[in-house]
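Pasting the structures in now, so scroll down.
There are two complexes below, and they share subunit A, which is joined by subunit B in the first and by subunit C in the second.
Showing the complex of A and B:
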């Protein structure tokens, strides 16, 4: 698929706009943006795997958590510098990604979704039981080294990470590999029939997804400075990632970003009215209605609206 | 030893009941109902509200929970499964969203803190040194009664056979004049009822809190995967395998590891034998 100059112009405009954001909004809003950026990274990671190839993963926190825990343990217990621990965390996450590929070679559909859920529960329980002196057990760890200080720096870090990930994924998905991955989602047999190695393509998608998840998880932990198993391996977290990708528009790159920002801000604006977990009642309701209305997400709704406007003028 | 045997039997009966409603939907509709755990949640809280807060008779609490569960199952089929027209991934994802919404709804109405359910039947029996609360015993016996009734319903009655037919081959069933929509609706209703009743027992076995639906969902998933789809007997056997494995793990190795063994079993079975131990040859 060819690249046009206006694609790059759109990217440049987006990046410039986002980088000017600290001038326009308050520090409090900026902190919301930081979470939206991280959620966008996780949603892109989920989308590379599940949105494109159709192998729905309900256990994405498994990968994110492995990245996060690896760097947390390395920096906290072994005094490894952050510059070294993050790359190691990414590599470990990719190895863990291989564990998830293993079942995907034989099973698909609902069974695959189930097994990823099982992976997440397994790691959640293992983390609390095995070597609590390393993992911090049920209470997790705090006082980890943070990469940045202050909302503005944190924003720039998270934004840079998100933009780099999104741009690389976008470029990659415009190549033949990206097309092949989407083709797996449509008809795996046909891809096999075209003489492509489905196994190798799946392996690639899983490793790429694990790479992004590990990267996102590691940076997230060094932004927060703490880690807790209950918040990480949580069904609400899975829910937020999946819904962000789907509401925005699965199997596009811009979709998960839109979804992440939409959901994060929705959640924040509900905070004054509903302070606790009951926010998810409205949040989930909105997500459910949007999803039932248009399973292809906001991106598709905008697209259709845009073509209607163009047809009229 | 006797203690392990008794505890294993009690826990397994409960697990079989939890898994049964989930298996039904999975075999007939081929749909992974991730909102199934939410039926247990709703069932437990309905019982709590009517029987404990309002002080109605306990049997009325269980019945109301069952009715509400049945209604929710049917409503879910009508409003969610049918409009999505058998797109399995979409149904599964919207089920997950629905479960989170229901959980938040429970938090909204009852608050975040956990509640203790009073035992359905108070009192403890001592059998060979093992303390057996009457309510656990009652839960196990009730599970067995419900399971046997369900088995005969599916095997012997006309509706039950129609359910089997739809589960095996929807097209063939349609040719024989079976209204698949009606059968599906009945199945969702039964599944919701079973889930809500299992929720009352499960909540009295552990405790009542908004996040309680995840653990039974995982157990149901484990039983269905390991047992294979479309097999009531398989579900029963595997519920006992998992129940006994958990009791033995917490007795001989470490109580914290009981969940780990279950997860390891699921992953192992799915990798080595994707059809489950007793499943039909399909997929």
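Showing the complex of A and C:
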């Protein structure tokens, strides 16, 4: 798809608006934005793999966790500087991504989803049992070096990461590689029948997804300053990532961002009324209704609304 | 543009079922050959074996003297053999232009990223199969069966084949659509394309082929000019059963 000036203008307006956010909202709201930014990064990472190619991963925290744990262990146990530990964490996550691509060469659909779920369970058990002196075992690790202090700086850091990831993925997916990855999701056999190596394309999608997950996981852990296996390798975390991508609009770059912001703020605004886990009941219901109304997500609803406005004017 | 396709002693067994039984024939460069036979004769299996979608039990498949047997499907397509399917396989949420674009892509990730789509070629291919410029943004859900077959032809042509395998290319088409596809095949034949065509519509097939091969139960029943094959007792028996 061709790039037009208004695409860049829209990006610029979005970035300017988001960077002015600390002037407009409270620090408490900024902290919600920070989690929304990180969730957007994770949802984009999931979407590159699952939204595009149709290989639905239920184990994305496996990749996020590899990135988070690698940098946490390197900085905490081996005093490696964060500037070095994060790139190493990303590379290690990409290598781990190769483990996920292996079953995808032979199986797809629900079997692939279950295997990825098994990967997450496997690492959840491993970090608790294998070398707890390094991983912190069931309690995880705290006192990790943080990249920023305060809500405003944390917000700018998470926003910069999200914008860079989103913009790069958006640019990449507008090239023919984006078309090819989406084609795999629609009809893998027809892609093969068009003379393209599906294995190579899947490998690219898995590595790109792992790169983003590793990057997001590493920055997230250095924002929090701690890591806890139970929070990271949690099925609710998986579903939040997937639902963010799906209700925002899978197979788009903007959709997962919209979905991440929508979900994070929905959960936070429900908190005063429903402080317990029952919030997830409402959130599930809203997600279900939205998904039933428009399976292509909020992005498509906005798109259709915009088309109607343009048609009238 | 054209190439020869030589099949020698091709055998394919699915467990106890022999789908292709010691089949040998050659399609010369620029020649158009009709592959006919009753349902279940093994015609589509031959196509799948040529494309590497199934691996043969034994035998050889050569394109211009080069053995294809050990190659993957994409590698065979890059060598110059491509096929259409009985049931068209469009990318459902992509436009006509994007569907054709997939066929035009280089088999290299960096090639896909660094070079933009060739819109002129997309339009040229779309128009070659009878689409207009306005059709480029239409999605498969908006297309008739005839249009879907045209789209499949365009995507197959986009891979720049030397040999095209057309599987039931007339199935589900109107008379006008059959005439359109026939015209396209005739035009490509005059440009030197090599064809192997499977069709149950024998009337539509006749003007498109130089020779015909009839198979039944995976074995060759008759080979020769279309008229000779169709008048063969063995072919009649395979279609109608033994008297």
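In this section, the second predicted complex is superposed on the first by the 308 of 313 C-alpha atoms of A that agree within 3 Å, B and C clash if a C-alpha of one lies under 4 Å from a C-alpha of the other, contacts with A are read in each partner's own complex, and residues count from 1 in each chain.
Simple rule for what comes next: contacts are C-beta pairs under 8 Å (C-beta built on N, C-alpha and C of every residue); 3 or more make two chains touch, one makes a residue touch a chain.
What you see is a predicted model, and the numbers here were worked out from it, not measured in a lab.
Mind checking subunit B and subunit C on superposed subunit A, clash or fit?
fit
For A:288, using the defined touch cut-off, is the partner it touches subunit B, subunit C, both, or neither? Pick first, second, both or neither.
Touch status of A:288: first partner only.
Given Cα centres, how many degrees, to the nearest 10, is the angle at subunit A formed with subunit B and subunit C?
Roughly 80 degrees separate the directions to subunit B and subunit C.
Using the superposition described at the top, determine whether subunit B or subunit C touches more residues of subunit A.
B
In the overlay, answer first, second, both or neither for which of subunit B and subunit C A:66 touches.
A:66: touches no partner chain.
Report for A:207: first if it touches subunit B alone, second if subunit C alone, otherwise both or neither.
After superposition on chain A, A:207 lies in contact with neither partner.
Of the partners subunit B and subunit C, which touch A:197 in the superposed model: first, second, both, neither?
second
Is A:221 touching anything from subunit B or subunit C once the two structures are fitted on A? First, second, both or neither.
neither
Based on the superposed arrangement, let me know which partner A:258 touches: subunit B (first), subunit C (second), both, or neither?
neither
Who does A:121 touch here: subunit B (first), subunit C (second), both, or neither?
first
On the combined arrangement from the superposition, state the nearest Cα-Cα distance between subunit B and subunit C in Å.
Between subunit B and subunit C, the minimum C-alpha distance equals 12 Å.
Enumerate the contact residues on subunit B facing subunit A in the complex.
Touching subunit A: residues 26, 30-32, 34, 80, 83-84, 87-90, 92-94, 96-101, 103-105, 107-108, 112, 210-211, 214, 218, 221-222, 225, 254, 256-257, 259-260, 263-264, 266-267, 270-271, 274, 283 of subunit B.
Residue numbers of subunit C touching subunit A in their complex, please.
It is residues 51, 72-74, 77-78, 82-83, 85, 89-94, 98, 101-103, 105, 107, 109, 112-117, 155, 158-159 of subunit C that touch subunit A.
Across the complex, what residues on subunit A touch subunit B?
Subunit A residues touching subunit B: 54, 56, 58, 102-103, 106-107, 109-111, 113-115, 117-119, 121-122, 125-126, 128-129, 235-236, 238-239, 242-243, 246, 274, 276-281, 283-285, 287-288, 291-292, 295.
Residues of subunit A touching subunit C in their complex?
It comes out as residues 172, 175-177, 179-180, 182-183, 186-187, 189-198, 200-201, 204.
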